[in-house]
Amino acid sequence: QDSVVLQLKWVAQGQFAGYYVAQAKGFYEEEGLNVEIKPGGPDIAPEQVIAGGGADVITTWMAAGLAARERGVPLVNIAQPFKNSGLLLTCRKDMGVETTEDFPGKTLGVWFFGNEYPFYAWMAKLGYSTEGGADGVEVLKQAFNVDPLIQGQAACISTMTYNEYGQVLRAGLSEDELTVFNYRDEGVGMLEDGLYVLEENLDDPAFVDKMTRFVRASMKGWAYTAENPEEAAQIVLDNDMTGAMMLEDQVYQVGEINKLVDGSTGALDPADYQQTVDTLLSAVSPDNPAITKEPEGAFTTVVTDGL
Amino acid sequence: MTIPAVVSATDLSLTFHTSDGPVTALSDVTLDIKKGEFVSFIGPSGCGKTTFLRAIADLERPTSGSIEVNGQTPGNARKDRAYGYVFQAAALYPWRTIEKNVALPLEIMGYSKALKAERIARTLALVNLEGFEKKYPWQLSGGMQQRASIARALAFDADLLLMDEPFGALDEIVRDHLNSELLKLWKETQKTICFVTHSIPEAVYLSTKIVVMSPRPGRVTDIIESSLPAERPLDIRETPEFLAIAARVREGLRAGHSYEE
Amino acid sequence: MSQLQHYLAIVAWGLSAAALVMGWVSADALPPAWLFVFLLLGTASLVRIAGWFSLWLDGIIAGAGVVAVLVSLPDLSPVPGYYWLALLAAWAFAWLFVERLTRAMASGLVEPGIFGFLVPLIFGVMVLVIWEAVTRGANVPSVILPPPSAIWARIAGSTSTLWADFQQTFLKAVLIGYALGCGLGFAVAILIDRSPFLKRGLLPLGNFVSALPIIGVAPIMVMWFGFDWPSKAAVVVIMTFFPMLVNTVAGLNAAGAMERDLMRTYAAGYWQTLLKLRLPAAAPFIFNALKINSTLALIGAIVAEFFGTPIVGMGFRISTEVGRMNVDMVWAEIAVAALAGSAFYGVVVLVERATTFWHPSVRSA
Amino acid sequence: MRGRSDLLPILTVLAGLLVLWYLGAIGLNGPVQNDMYRRADVVGVPFTQFVADTWNQQRPVLPTPHQVFAELWNTTALVAPTVPRSLLFHAWVTLSATLAGFVLGSGLGILLAVMIVHSEAMNRSLMPWIVASQTIPILALAPLIVVIGFNVFTGTFGVPTDPARFISKAIISAYLSFFPVTVGMVKGLRSPEDIQLDLMRTYNASAAQVFWKLRWPSALPFLFTSMKVGVAASLVGAIVGEMPTGAVSGLGARLLNGSYYGQTTQIWSALIMASILAAVLVVAVGLVERLVYVRMGARPA
Amino acid sequence: MTIPAVVSATDLSLTFHTSDGPVTALSDVTLDIKKGEFVSFIGPSGCGKTTFLRAIADLERPTSGSIEVNGQTPGNARKDRAYGYVFQAAALYPWRTIEKNVALPLEIMGYSKALKAERIARTLALVNLEGFEKKYPWQLSGGMQQRASIARALAFDADLLLMDEPFGALDEIVRDHLNSELLKLWKETQKTICFVTHSIPEAVYLSTKIVVMSPRPGRVTDIIESSLPAERPLDIRETPEFLAIAARVREGLRAGHSYEE
């Protein structure tokens, strides 16, 4: 059996159900793989983990992956199970945000740590300064909860469709009290949760074969998750070593995640890739140096071609 | 006219409660000290000398019996600032210069600035510490510190002086000198002085009355009225009269003594 | 020379000689000039067995070693084994020099006032040199640990960002929170000092509350005081409050029994005793808390910024730049924090020396 | 050590804190409660009902003590201590790293102190940097350390995940606890008076004899005092080491994970558990201290 | 046969460098101490008595002049464990029982277990501390502690005893008692004793030789060979011969004294 270490971008939750399901259901084993899944967290940079030799393959957002590539960690996208993105900017109507024109002068909550690139690209596109002031927006580094919106400290906050957005609803704000901006609809959507490996490893055919089997089994896991969301949620819960999760939250999350994975074969669509790159390059600024030039060889289809 | 009693103790007892059980530091002490007297307390370690002085000063509360100072309770006498106390150790405040240490009681009692300056100068001169006003205690020798603490007790107008082995840390020569200075001061100011010492010659040389104490329980075993004249040159210590009193004190001490100390 | 110095001298010489031989035998080309000179000097230090060998000579060899190790690095790739021996030799010479220098200072041969600062400086420099040589020599990825030279370049290139962060975190959150927290702790200590009951109840609990991780407090403070620096200052207040409370209460009890009795014989009032005796006696304790708090405050403010903040501040920058793989920027902020923290601590120590000059611990120093 | 006589004051202060806590809960949960009334079109709620409601919300801003203790009870007494749901399980994960870090940190602290006391060169070159080391925001560096340490251990040395994380946490823990121990021990080892050292010199005692017969025994009171500070710091280090760093078990992970899903009650019960742990650790060091003092024949306080 | 010199100092000077400038603690001290002598050092505070004893013990290094102990350098004599030192304060280790405190030098010098036990029993008996073996220092009075520290210095085989005001903390009665015990011990063991004191009677009562010193700079002003017989009951102190020597010592002291102490 070949061993594979997968470093996740975030804690064990429905977002990664496909991988946990593939492991629990023995799909990896069937491919002759022994997979260890390492949960991440808000301050885990999977890019750093793989650079340090702590993982064979990681999941991360494409913007962060490309940024790392430019800084000397030669990451290559080998598969893209997430077709759609789940990142939203969720605003309160009662704080005066109905359209993007209402942003100036408002305070917006943003996740940093490599998650901020889509936001900066969007603001660049809208032509808003992020330094505050009357025609700019005030940016807040938002923590891992939705308090700022509930308490009215920010007019908008970042949410993921599959987690924080649900929390906002559960906290009592109803959908018609909210304005929701989907980054994809705003033309600044970026690929989330792809699978990345180090470039030099791809020279080794054995590694490529191993990854092919890994992606195949993982996609099988995603397919199973789509069929059996409740069971998948339970599997995720079983893998939560913190014992902090509630089943209802995870069922909701898996349901939302399925919408994002829906339609993906695992292969990266070069058009989606190009959109992400173009968006990033359109927003190059000293504050936001995700990438400064067109990346080369940042994705490959050798793995997904073999599926 | 009878001379008023400054301190008058009747059947005074004082027991400390310690983890090893009660310790009777004073047992049935009856003693009158008249105005202008110079009373020495002598006795082996632990016989209650310090405790008796502390009871006068309202720093310990007697268990039974009564004690009056200037006809009042010790507490009221303390509030009247009736006495100056010189502790066994100098207890100077290290963050104050010598001058400021002597000024401490004056500040607390609200003396005027001019009066303060005058008192400091006068009492520091008295104990031969001119020129050391601006030094800190730790820059002085133990003996000089002790003299500063005496100056501090003399700086304000208390008619009663309680001195707990003030010269313990000094060598014989300095001690002799301060002994005669103290006698002079006492005669000039007519203060009443209670003086604790371990030295028999010192007790005999200074006192009008010597109280010999003995421990376990602490009690008074002998009270000797001195027959020495008021005028006492240093070589009075070689006179037979002096030696006779010293012998009586030594007798009293030895009687109350146990070698387990 | 002491036992230790003998060993060090032997080790330093042995390492130099071994490196020289290794460089000679194995390499196709001679070692780079600087390195070669250093190794020759190190090997020549054997002449010390003839007797006299000035400690300054050891210092010069160590200095040559440092320069050689740094200068020759770009010319060597891959880095040969003898390079690492040379690095160790440079370290051994520096250590030997420091040992001999302190010995000379103790015996009055060298003026400690002038050279006293050299000793810690050499240690710091050696750490940096080894860090530089290892990260660059062993090709450690810069996202894992950047070399000091890269960090320095980053500091020099980002002064305006660093200054803005410093203002936000240090000048606002830390200083204000520190002043409020210490002030409040002091005031409450004075208040509860009059109630032994409260004192006995509050102090043991205070010890545990101060062990509560900031993570529990920081989000609540953000909720109450908003995202900007006031919430960080509030975290600092909470972190610094208890050390000050506990130390002040302990300090107020520090006055000796006899010193208190003296105040009693003067029939001094509560406030007179407090001002003239107990507070001065408590000063060393209060300064102890001020010192502890000076480092706690900075750490608290930085960590508090992890839980929501405007996009400026040292904590914000650290957590964000880790995510952006700009680890050199992270270390630049850490360097600023360490510098600011040490300076802050140093200022408190200076004030302490000036005000508690009378305390034995200060007097002897 | 505190005697029994301190129990009453401590309990009184605790009771005061509980009252404050309940009052705070009304204030903090009130706005949300009013919001809920508004949405549900409920009007004219009596005040007592309002208070009761703020004290029993599903996802309160500030959970009340009874909610927290119910959660504590549910996650300790009602589940096996071996499953991830159990808070005891997490407490043990944190405790083990704390203890390892504490032993490591104290050992390092003592070692440094011994070197500093015996060598003037060490004293001069280490002491300033030891102070400076504490001005580095190690808590901010925790992710870096855990990730680097973790990567080095798993990547370079092939250590499995769990031990690697354990070691990384222990390192942070040790970093926080070594400082008080070093400072206390340096003070302690230097505490013998000149006269006591001179006595040893008149016997022509060796350095080892001076250390074991004089310096070490006189340093013990300082050691224990600083170990009490150190053990609490160790705990903070372990908790922080498992918070933002992808740890899946331990009180820190529990705290953070609770917050991802808005589970305030869970956060607070983990916080309370951490405080209990801190108390237990400090008291344990105090007990050892007492034991040692009794054996050394110290004067009862 | 001439009696060998145990301590022999020639033109010994010792200067301390302090922040206030140099302090000359000893200036040109020339002194021979023969085997079996009992030498007292007396002089005002700060005259260098302690410093001289410390120089003998190799605890201070002389600035100039020479000093020999048993014909060797003080350093070598120390390494030979040539002397026992009794400090001004008891300096007992609080974590050791009295017995263990006395055992300390024996442990360090590697005495056998049996020998240790014998020595402890013998020396504790000598200073009247039988029954207190298992007590800790803080359970004893100051005088008892001081006696324990004397026992500690006597426990091992040093022929030279350096005692720095060992009875300073004791009251007169206990002091008298220990004085005669010390004399007895000295006569029995034929040790050489250097003894610092502030008390004139004590010095005269004990010594075969009295060294009078004076401060600033510390120097020897008088060396008095005692004419008192070897057998000295306590009441020898009232004899004219005794008083004559005492008067000479007092004269010497007063001459070298300044009131600035």
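Points to keep in mind about this one:
A, B, C, D and E are the chain letters, set down in written order, and residue numbers restart from 1 in every chain.
As a convention for this text, a contact is a pair of C-beta atoms (placed from the backbone, for glycine too) under 8 Å apart; a residue touches a chain by one contact, two chains touch by 3 or more.
Values in this document were obtained by computation on a predicted structure and should not be read as measured data.
When the partners of chain A are compared with those of chain E, the chains appearing in both lists are D. For chain pairs C-D and D-E, the one joined by more C-beta pairs in contact is C-D. Centre-to-centre spacing of chain A and chain B amounts to 86 Å, using the average Cα coordinate of each chain. Computed centre separation for the pair chain A/chain D is 35 angstrom, with centres defined by C-alpha atoms. Centre-to-centre separation of chain C and chain E, using mean CA positions: 49 Å.
Note: centroid distance chain A to chain C, computed from Cα atoms, is 39 Å. Across the assembly, chain C contributes residues 144, 219, 223, 306, 319, 322 that each touch 2 or more other chains.
Residue positions 43, 45, 48, 51-52, 143, 145 of chain A are each in touch with at least two other chains. Within chain D, residues 143, 148, 151, 244, 256, 259 each touch two or more of the remaining chains. All chain pairs that touch, listed by label, are A-C, A-D, B-C, B-E, C-D, D-E.
Against chain E, in their complex, chain D makes its touches with residues 193, 195-196, 198-205, 209, 213-214, 217-218, 220, 296-299.
Across the interface of their complex, chain C is touched by residues 43, 45, 47-48, 51-52, 64, 67-68, 71-73, 107, 109-110, 112-116, 130, 138-143, 145, 147-148, 151, 153-154, 289 of chain A. Residues of chain B touching chain C in their complex: 54, 57-59, 78-81, 83-85, 87, 89, 91, 93-95, 104-105, 107-109, 136, 138.
The part of chain C that touches chain A in the complex is made up of residues 141-144, 219, 222-223, 226-227, 305-311, 316, 319-320, 322-326. Per the touch definition, chain C reaches chain D in the complex via residues 4, 98-99, 101-103, 105-106, 116, 119-120, 122-124, 127, 144-145, 197-202, 204-205, 207-216, 219-220, 223, 295, 298-299, 302-303, 306, 314-315, 318-319, 322, 327, 330, 334, 337-338, 340-342, 344-345.
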